[in-house]
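Chains here go by letter, A, B, C and D, matching the order in which they are written, and residues are numbered from 1 within each.
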Amino acid sequence: MTYHTLLLILVAAAAVAAVMARNLLLSAIMLALVSVGASLVLFDFQAPWAAVFELSVCAGLITVLFVSAVSLIRHEESKVAENRARFYAMPLVMGIVAIAAWFYAVPYFESLEDWARLGGRANTLGTVIWDIRRFDLLGQVSILAAGVFVVNSMFPRRKKQK
Amino acid sequence: MINSFSMDWYFITLIFFAGMYCMLVSRNLLRQFIGLEIMSKSCLLGVISVGAKTGNLALAQALIITMIVIEVVVVAAGLSLLVKNYRITNSVDIWSLNNLRG
Amino acid sequence: MNPILIPVILPIAAALLVLLISEKTRYLKELLAIAVSGVALISAFPVISQALFGTCMEFSARWAGYGIDFTLKADKLSSFILLGVTFFAFVVSIYSFSFEKKGSAKWFYFNLLLTQAFSAGAALADNLVAMLFFWEGLLIFLYAFIALSKPDQSAKRTAMKAFLINAVTDLAMLAGICITGYIAGTFSMTGIAANKLTLNGWAALGYVLMLIGAVSKAGALPFHTWIPDAAVDSNAPFMSFIPAALDKLLGIYFLTRISVYLFSLNGVAQLGLMTLGALTLLIAVMMAFVQTDYKRLLAYHSVSQAGYMILGIGTLNPIGIAGGLFHMVNNAVYKSCLFMTAGSVERQTGSNDLSKLGGLFGAMPLTAICYIIAAAAISGIAPLNGFFSKEMIYTGALNTGYKWFFIAAEVGSVLTLASFLKLGHSVFFGKRPEALKDTREAPFSTLLPMIILAGVCVAFGFGAKLPIDYLIEPSLQNLGLSHEEVLAGFHFNKLFWASIVVILVALINHMFGLAAGKGAPSKASDHIHYAPALKEIYSMAEARVFDPYEQLMKRVPSAAGLLYKVDRFLDYLTDDLPSFAVNAFSKTSQRFHTGSYPLYMALTIAGFVVFILLTATYGGIK
Amino acid sequence: MTTSLLAYLLIPLFTAILIPFAAKTRRKLADVLANVTLLAGLLNISFILFNPANIALSFSNITEDGFALLMIFIIYLVALCVTFFSSYFIGDDSKVNRVPYYSLIMTSVSAMCGIVTTGDFFTLYIFVEVLAVTSFALIASDESGKGLEGAIKYFLLTFPASLFILFGIAFLMLTAGTFSFESIKIIIASGIPAGAVVFSLSLILLGFLIKSGVAPFHAWTPDAYEGAYAPVSAYLAGIVTKISGVYAVIKISIMLRLFEIKAYHTAEILMFLGMLSIAIGALAALRQKELKRMLAFSSISQIGYIILAAGMGTPLAILGAIFHLVNHATFKTVLFLNSASLEKGAGTSDMRKLGGMEHAMPWTSWTSIVALLATAGVPPLSGFWSKLIIIIALWDGGAKTYAVLALLFSVVTLAYFMVMQKKIFFGNPTEASRNAREVRPAMLAPVVVMCLLIAALGVFFPYIYSYLVETIAARIIL
């Protein structure tokens, strides 16, 4: 059991907890924990920039979004009669899947690993972002613009009131 | 002990399954989004794992940063749909979404 | 754009446009149709002048492959026919302008324009398959034209009759074209003409099948029976447009093409064609003579005139063919004109029955004059156009050595003149019945086309040299025929005197008939109608014993009873079973699309799991 | 991504950003800006595509592949039709907020141009996401419950697609080290074992199949189209789902063909799914009562034809698929815009409440009939030729069963359109149709233009065919 595996187990456990939590707010917080775990994994992979992004945006911004959504629909939550039995069955199902995956998926991934080819050039993140994947930045601009318009289109009156 | 790459993907599979299970069994619209987020996280881990394996971490990081930006916007759009729907129908129950049929 | 395409594409576009125009607008559709057919007519002129004085226009596009190309070629003969088609479309669309009983104006002009376009296409097509395409298109519009001309059931029944008769013969033609194309190795008419086929073995079958298509279009025996019925159940513009003009043009055109251009015929075929022509002209004129309905009488005459043309083409010598072609265009002109007079008389008096009409000369002088000119032309009175074309056909028939055909044709002429004397006398002369006291002349838009056509009759008579030099002669060249005779001009030979004899005989017959019918002009044919032996035959003909279509239709119920069981079973296999299965599946799918999100999600997940398993297992990773 | 086509992407994006500022006080300005931008773009691309000089040179002076150019043309055409139509359709409808509406449309046009010009799977993915996000908001733009339901189903049911695309990209990074189309082609050409690359591509393909609404992933399609704001459903059905899904499927299947035998199974699955969609779409459409829903199922069925041809993968089949894609964009736009006109003119698009509309709304009726005849593949309209090419390609490629089935289901297509035609446009007028009035000419203009295009594509098919072969087939198929 390495530190790396432990982190992954943490992420998986947090994910299961996020699904199983009866309270939506708790779910949202567990989701944040998943993000934190993922960002730790990224740090472990020597990917600090991605990790910082993950930590700030996913664990921060998205959690804020979720929490505010939860607070908006809070009193409706109890009306949705969830079938809790399905959620309680989750650890069992996860366990079965885990065991099955150990026997079936792991050999598959091992064989997949044989196909790996090394990406030779050691570029810095800066060159990758600015030179190689420059058009992705355009895409990012597009999606941010789209996001603004979506929110604008969904809540026009609220904006006016402000 | 199996090696690191297979181990990563083993857990990625599990996390993905957890998200999928959530989307399959939950009736609450918000929980659908939580399941969706969990699945997205598994994707992200997959990309970084591959990046580490092929020694192309810079590219993987670039991809992940873009993915995170997209994820935020998508989640924001989804949540605004949810809130809007809640305002009109006063419900977040996914089972009530069956007016279009036939 | 290639100008050859204008007469084809422009009317189609206009027809589609007409459909979009609201039914409420007045005159818009009419004016559009007139303008478009006028433009088409004008555009036919450069085509024909190119064909006459330059190289003929061509348009070719790759179509279905296997030698089936979309080729239009305006050679001399084709552009002559094109000119005729566009001219008659123009004239008829003017005539229909204020004609009320044409059914829904929208559909009338839709059919008219499309018929025009497809006829132009059929005339221009160089590839046999392309021609067949246009030819079959005409079939649809023929049905629609008749079926929509009157709201009652009889129009639909007659439309079905016309459709079935023509569909059967068109199928024969389709088979003929396939055989011919297969034997010749090409579907291009120019290509086949380069080395003509002879009538032996399969080629003879191909020729006969195509011949059936051609003569049935022209309205020869025994495929003519729908024309008199349509005369009653449809309206005058339709009759003057399709059976009188376009069908003759196209039928004789194609007959000429196959008999002279594509095949080199032998004596047997010549005899067969001439017999067919003579029989058609005699039997039809006998039927026409005793009719008492204005339009029905004309309809039988249009069949009989087709007999003359087939006779002319069947002589296979240049002067006969020239006569056939000239007669084709002449007939179209005066027969259109006659149907138009019928239409305007019907429009003004509300009747077609000869016994109820009379003395209309005073009320409708212009119509009457037009009638007299056209009737004189059809009867072959010199010097109107019909005289010259008939004279050429007679010469052609005499040149073959078979005198009998000449005599049959002359007998036909006598009866033609006699029946038009009867018709004219009973409609325009004599005493006017009380009910028709207030009859007035038809409106200008109705008169104008009649006057144009009557004028053409006179012009082609006195100036017969013009159409013969510029239309008929080049067509003969195009068909590869050379000749010594001078075609045009007025000859004081024995044929002229024969025509005088014909006129005298017909006049005497009319006088005799009047005397026998106690002065009632509509009964002037009764002495022949009720003559001892003919009476039974006529009554059988009236009962449609000789109409193959009706006879076949009578046999249908019993045959159908026999086939019913087989049919039910096949129907069940092809119709009920699939539709039952489709319905069952469709119901299942409807029940399945419940709008339930969890179900959809489960479906999606199941779908991708199976997809991934399949691609991962068979993807060849290991 | 090819830099020379960047303008088609940047200018709409710029307009999208400009609209909220420019149209702050005068809302109508939003319509004008959007329409002018799209018209300019359309003229520009038409000039490139139809310039006689370019045609004469067989496009040798244009380096981009003709597929992308054709797609840009059709994107601008449909988008212009939709914006022009909706600028009159919205009218004084206070429910729809013009400014974000047009901004979203412009953003999605920009994203679609991004999709078709990019040469890289990851960039493709980004623009697909942009397109998806804008579509959610557009569907729900009239703030109705149905619209939101459609949007949410669209959102949730197509979300797994993004994940599969990303997993595919991750595996592609592992096995090929690159995402660009060209490098993948080079890797294939180098002849090294490529099983895992096929698997990665199959995963990406799965994502795009979900996005294009192929059975069994089709469930969101009818709901989204039916629920969407009326002009938006035309936009979605006409172009958005085609570009976000089907375009990439065709691209990938062109690559799969290069693998020859190794990608055999994936191609088989693709063809099977195509056939399944044809069947399910056509059968389900038969019994629909709501016009838009029926059109949506018909859309699934038509996409099936494209996917089937793409799975076949021979040059002729790909050509058929692309031609059918273009044709489908034209006639589905016409049909959906006409259903919007029906909603406006008669107040409903429910087939049970309509009848005899031929008299009340002749232009709408006749344009619909042209479009649906084209959809059903009646000669000589455009749909006939593309279906014919597809069926011939299937037959030649040895998939004879599929060819026969495809032919049979085109009869079913004809059947349900006949049913619809009889119910809505012919027959006796009902209450709703007696009170109906034809919509204003400006709203008919886009539909009529599209109809002319349909007829022209069909009638001048020989030229179109040689044009397609020169511009597309000769360039993208190696």
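Convention: contacts are C-beta pairs under 8 Å (C-beta built on N, C-alpha and C of every residue); 3 or more make two chains touch, one makes a residue touch a chain.
This structure is a prediction, so every number in the text was calculated from the model and none was measured.
Student: Specify the chain most distant from subunit C by Cα centroid.
Tutor: A
Student: Quick check: more C-beta contact pairs in B-D or A-B?
Tutor: When the contacts at B-D and A-B are counted, A-B has more.
Student: Distance-wise, how many Å sit between the C-alpha centres of subunit B and subunit D, to the nearest whole number?
Tutor: Taking the mean C-alpha position of each chain, the two centres sit 27 Å apart.
Student: Need the CA-centroid distance for the pair subunit A / subunit B, whole Å please.
Tutor: 6
Student: Compute the distance, rounded to whole Å, between the mean C-alpha positions of subunit A and subunit D.
Tutor: Averaging C-alpha atoms per chain gives centres 32 Å apart.
Student: How far is the middle of subunit B from the middle of subunit C, if each middle is the mean of its Cα atoms, in Å?
Tutor: 73
Student: Residues of subunit C touching 2+ other chains?
Tutor: Only 590, 593, 595, 597, 601, 605, 616, 621-622 qualify.
Student: For subunit A, what residues touch not just one other chain but two or more?
Tutor: As it turns out, subunit A has residues touching two or more other chains at 112, 115-119, 133, 136, 139-140, 143, 146-147, 150, 154.
Student: In subunit B, what residues contact two or more other chains?
Tutor: 23, 49, 51, 53-54, 56, 59-60, 63, 66, 70, 73, 77, 81-82, 84, 97, 99-100, 102, in rising order.
Student: List the residues on subunit D that touch subunit A in their complex, please.
Tutor: Touching subunit A from subunit D are residues 1, 9-10, 13, 16-17, 20, 97, 99-101, 103-104, 107-108, 110-111, 114, 118, 120, 122-123, 126-127, 129-130, 133-134, 136-137, 140-141, 171, 173-177, 195-197.
Student: Okay, in this complex, where on subunit C does subunit D touch?
Tutor: 19-20, 22-23, 61-63, 70, 582-583, 585-587, 589-590, 593, 595, 597, 599-601, 603-608, 611-612, 614-616, 618-622
Student: Touching residues of subunit C toward subunit B in the complex: what are they?
Tutor: Touch residues, subunit C against subunit B: 590, 593-598, 601-602, 605.
Student: Within their complex, state which residues of subunit B touch subunit D.
Tutor: So the residues of subunit B in touch with subunit D come to 16, 23, 29, 32, 36, 39-40, 42-43, 46-47, 49-51, 53-54, 56, 59-60, 63, 66-67, 70, 73-74, 77-78, 81-82, 84-85, 88-89, 97, 99-100, 102.
Student: Tell me, which parts of subunit A touch subunit D in their complex?
Tutor: 112, 115-119, 133, 135-136, 138-143, 145-147, 149-150, 152-154, 156
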